[in-house]
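Below, chain A partners chain B and then partners chain C, in two separate complexes.
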Partner chain A sequence: MREKRVNIFCTIVAILVMLFLIAPLVVIVIASFTPTAVVVFPPKGFSLKWYENIFSSSTHFMEGLANSLKIGLLATALDILLGVTAALSVCRHDFKGKNVLLNYFTSPMYVPSVAFAFVLLQVYSQIGGIPGAVRIFIGHFIIILPYIVRNTVSVLHVFNWTLEDAATSLGANPVQVFFKITIPVAKPGILAGALLAFLYSFDEVALSSLLSTPKFITLPIRIMNYMELTFDPTLAAISTFLIAGSLVLILLMDKFVGLDMFVK
Partner chain B sequence: MRKKQAFLLALPAVLALTVFFLAPMLYILIKTLATNGLSDFVRFFTDPFYLDILWTTVRVSLVSTLVSLLLGYPTAYYMARTQSRMKKVMMVIILFPFLVSAVVRSYGWMVILGKNGLLNQFLLGLGLVQKPLSILNTETAVIIGMIHLLIPYMILSLVGVLQSIDPNVEYAAYSLGANPMETFCKVIFPLSLPGIISGCVMVFTMSMTSYVTPKLLGGSKFRMMATMVVQEINVSFDWGAASAISYILLAVILLIQVLVVLSTAGYMKRLGGGKNA
Partner chain C sequence: MATLELIGLTKRFGNFTAVDNMNLKAADGEMIALLGGSGCGKTTTLRMIAGFAEPTEGSILVDGADVAKIPPYKRNIGIFFQNYALFPHMTVFENVAFGLKLQKLKKPEIAQRVAEILALVKLTGLDKRYPRELSGGQQQRVALARALVTRPHILLLDEPLSNLDAKLRIEMQVEIKRIQKELGITTIIVTHDHEEAVSLADRVIVMHEGKIQQIGSPNEIFERPCSAFVADFMGFSTFIQGTIGPQEGEKRPVSCSGKLLYVPSAAAEGIEAGSPVTLAVRSENIQLVAEEGENTLPGTISAVTYKGTTTRLEVTGCVAETVCPAVNEYTQRQLGETVLVHIPAQRICVYKNV
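The block that comes next holds the complex of A and B.
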């Protein structure tokens, strides 16, 4: 009987937490369709004019989106190469200092991004003349590397390495073993890591705001700059746009990897 | 041969991290110490203005962590035990804001908590308050935003641990006459401690270093360590102070990590020892 009361309590808290998590997102989506500049509930009518704004050149949102995608995709692609080889090195072989090496690979996670950003800013200003895209790219590809390493390691950790030997003894060459055995096994980890890494880069603010140049500004910084000048539902429209993007990603993730990948 | 292979596999990442991460971090630390000595650090720890910012940062992080734990634990417990399809739905709801940018989520709270915001429209409309509450641009708003941002991390790390506790262990406790409180304190809580620790550490450190939430929801007069670094760089042009704050923040985070590794090592040993005995 009393057990039941515990369960009711947990259920109620769980539902309230879910409402708390979802509320701001629902508000944003509804706000993006209101015709008035100040968001009121219930909305007075329906309008798509704020969506027109996000595509107009004066907001620079589309330019920012292109910049963010470029940095995020390039940094993630490079880090898949670096991160997967790094994860293989600590998982496939047993050697002294293995844990030190793994900690080194994940160390950027423990450094506040604002501290790392400031260090890079000082180095860049000493060297001089580095284009904005490169300044941000270097910061991002370092700071997202741990996500790919950790997620790949968590899958390879339980991998039965004798499978590789079996493939070799059946006549596969090392390249075949790598692409037909090792990579397919590690794929869920690599995908989950790559998704988290890409999103981290795409949403990153601290590094980008300190390192961007007037010529190269990423989307989150554009949105924050816009917010300081005008507080109208154009912000809700661009936010809804991003929320929709996340929804697509999460559904793809569920289909290809399964959401349990995120429960550690 | 195998050793050589491991070395070659590790090499690209090691090189990249050393050149673009470790070397700059050490170089700037040495340069700061060489040019200004410890004066910027001394200034930080003697000026009440800076100490107050450190205290605000710790306070906000502690409150956010505690509330996340208190709300996250029952939620995670429900998710770990339920058989219903609700679990999948909840998983999506938890991961979903987790994948939406902090800027977007803070914006949502600005619309809700602002002076002409939805909460005030609602309260005024019902006549519960006479004039609009000012929640936006206060510490409360920052804490709300922070919990919203970080509670998914807490829940995910708790669900993992709670799922691995066999429900029969609880039934055993009940059948031996324990009430729910005793069962929780003596059975479930100790077994879930690793998840509690990892969740709390994650939420606390992320909150300590957060930049977007305090900047957008705290307003211009509210300062935390990370927003202060940017302010010193862009507004006061005091790079010495910015350096000191950056490295102090880094030191705090590393200290927490070291303490956790040391304390969980001891705890794991005791758990393991118990199993073998």
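The block that comes next holds the complex of A and C.
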């Protein structure tokens, strides 16, 4: 009896927490269709004009989106190469200082990004003449690395290394073992890490706002700048866009590798 | 289909010698069991044959040719791993076909060879399943099929039956032996289970601390272990300390804590009279009798363990050590009952104490 009561209590709390998480998103999505000049809920009528404004606004959201995608995709791709190699070298061999090295690879996660941005800014100004795209790229490249390393390590921790011996005994040379066995088996972890890394880069604000130049501005900074001056439902519309985009990404991820990777 | 020869094979890890000067010659088509407890060097030996570990000293010859310079992926040795090591991202078909694809065989030939080997291990029809969708016994058959399909020179089996339940274990023992004989492939099987070793192999090698303790036919190893250590490992249950006397006809007396036991002279050859010895007997060979005679000792039952077909008793008071007969009588034996234990002289193994 007591157990049942606890169960009901837990269910109610869980539902409340979920409502708390999802309600603001629902409000924003619905409010984005309002024809009024300020965000109101519930919306008075229905209009797509704020969606149109995303494309026609002088704030060039689309250019920001393109910049964000470029930085995010490139940094994620290169970090997959670096992060997977690092994870493999740490997991495959037993050596002194193994954990130190692993913590070193994941340390960008623990350094406050504002402090990190400040350091980078100092370095850039000492060197001088570094284009905005490169400035932001380097920052993102470093701060998203831990997500890929950590997720890859989490699969490699439970990786059955005899699979490699088995493939070898069947005639696979080390390169074939790597591409036919190790990478495919570690793939869910790598992809989960890559998704988290990309999403982090995509909506990163602190670092980008300090490092961007007027010529190269990412989408979150564009939104921030816009918000400072105007607070119309364009922001709700663009938020809806981003929510939908993330949702699609996660659904694709679920379809191809399964989401259970994220809860490990 | 090849001969395998190990000459002075040694592997050291720092100061620790895992395999110590091992010599062995396996004939074409022979099945040899490496038997020993954990850390005896049997798995290290296997890894060296496969090419995963490099010998510190000595050489490995396959068909008379040294394989030291051949990388593991070119040795053409089939390996069955203890945890099966099936590729989780591939179906049964893809797992089995993996080695054939690497040999760049044509698709129809791959399909045919996979179908043949799956029929041999009785897995026809399961080729589209993933390993996680198979039972333990089925996974094991896939692993065996995958190791055999490339037609390796030598097959290595690492604890092939250790993960299976009793019924499946017996079934697979028969299967492995059948398949091995059918293909006539030279096989080394590594195991810690003496029953598995004697039931599968043509020859058994008992290893301890990197050294070969005894090489012999399953029967020799099972009935006449060469040392008290091997006897213990082979499941001998009763060990009695004593002092051996001079020959009396075909027999020699052994004085064991005041009692006299007779052993055949042949079993104690070369042991001087007056030497301290250890006598070893299997439970199944010790009987309970009604009348006193040679090698009968009175004692009291101190423990009874029912084992289904037999009942294992512990009898104290015969000699200083506990004697453990295994009886298959219908009458229930009671704790504290006084019984007469008979240890047949022909069944006693005699080892000089060192």
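In this text, the second predicted complex is superposed on the first by the 260 of 264 C-alpha atoms of A that agree within 3 Å, B and C clash if a C-alpha of one lies under 4 Å from a C-alpha of the other, contacts with A are read in each partner's own complex, and residues count from 1 in each chain.
Assume contacts are C-beta pairs under 8 Å (C-beta built on N, C-alpha and C of every residue); 3 or more make two chains touch, one makes a residue touch a chain.
All values reported here derive from a predicted model rather than from experimental measurement.
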Identify whether chain B and chain C fit side by side or clash on chain A in the overlaid structures. fit
Now for A:Phe95: first (chain B), second (chain C), both, or neither, which partner does it touch? first
First (chain B), second (chain C), both or neither: which does A:Val39 touch? first
On the A-aligned overlay, A:Ser169 touches which partner chain: chain B = first, chain C = second, or both, or neither? second
Contacts of A:Leu69 with chain B and chain C, given as first, second, both or neither: neither
Chain B or chain C: which reaches more residues on chain A? B
When the shared chain A is used to line up the two structures, what angle, as a multiple of 10 degrees, is there at the CA centre of chain A toward chain B and chain C? 90
What is the contact status of A:Ala133 with respect to chain B (first) and chain C (second): first, second, both, or neither? neither
What is the minimum C-alpha distance, in Å, between chain B and chain C after the two complexes are superposed on chain A? 11
Can you list the residues of chain A that meet both chain B and chain C? none
Quick one: which bits of chain A touch chain B in the complex? Just the residue numbers, please. 2-3, 5-7, 9-11, 13-14, 16-18, 20-25, 27-28, 31, 38-41, 81-83, 85-86, 88-90, 92-93, 95, 101, 104-105, 107-108, 110-116, 118-123, 138, 141-142, 145, 149, 199, 202-203, 205-206, 209-210, 220, 223-224, 227, 231, 235-236, 239, 242-243, 246-247, 249-250, 254, 259, 262-264
List of chain B residues in touch with chain A within their complex: 2-3, 5-7, 9-10, 12-14, 16-17, 20-21, 24-25, 27-28, 31, 71-72, 74-75, 77-79, 81, 88, 90-97, 99-105, 107-112, 116-118, 121-122, 148, 151-152, 155-157, 159-160, 163, 174, 179-180, 198, 205, 208-209, 211-212, 215-216, 225-226, 229-230, 233, 239, 242-243, 246-247, 249-250, 253-254, 257
Note: in the complex, chain A contacts chain C through residues 160, 162-163, 165-174, 176, 180-181, 184-185, 187
Contact footprint of chain A on chain C as seen in their complex: 50-52, 71-79, 81, 83, 85-89, 98-99, 102-103, 146-147, 150
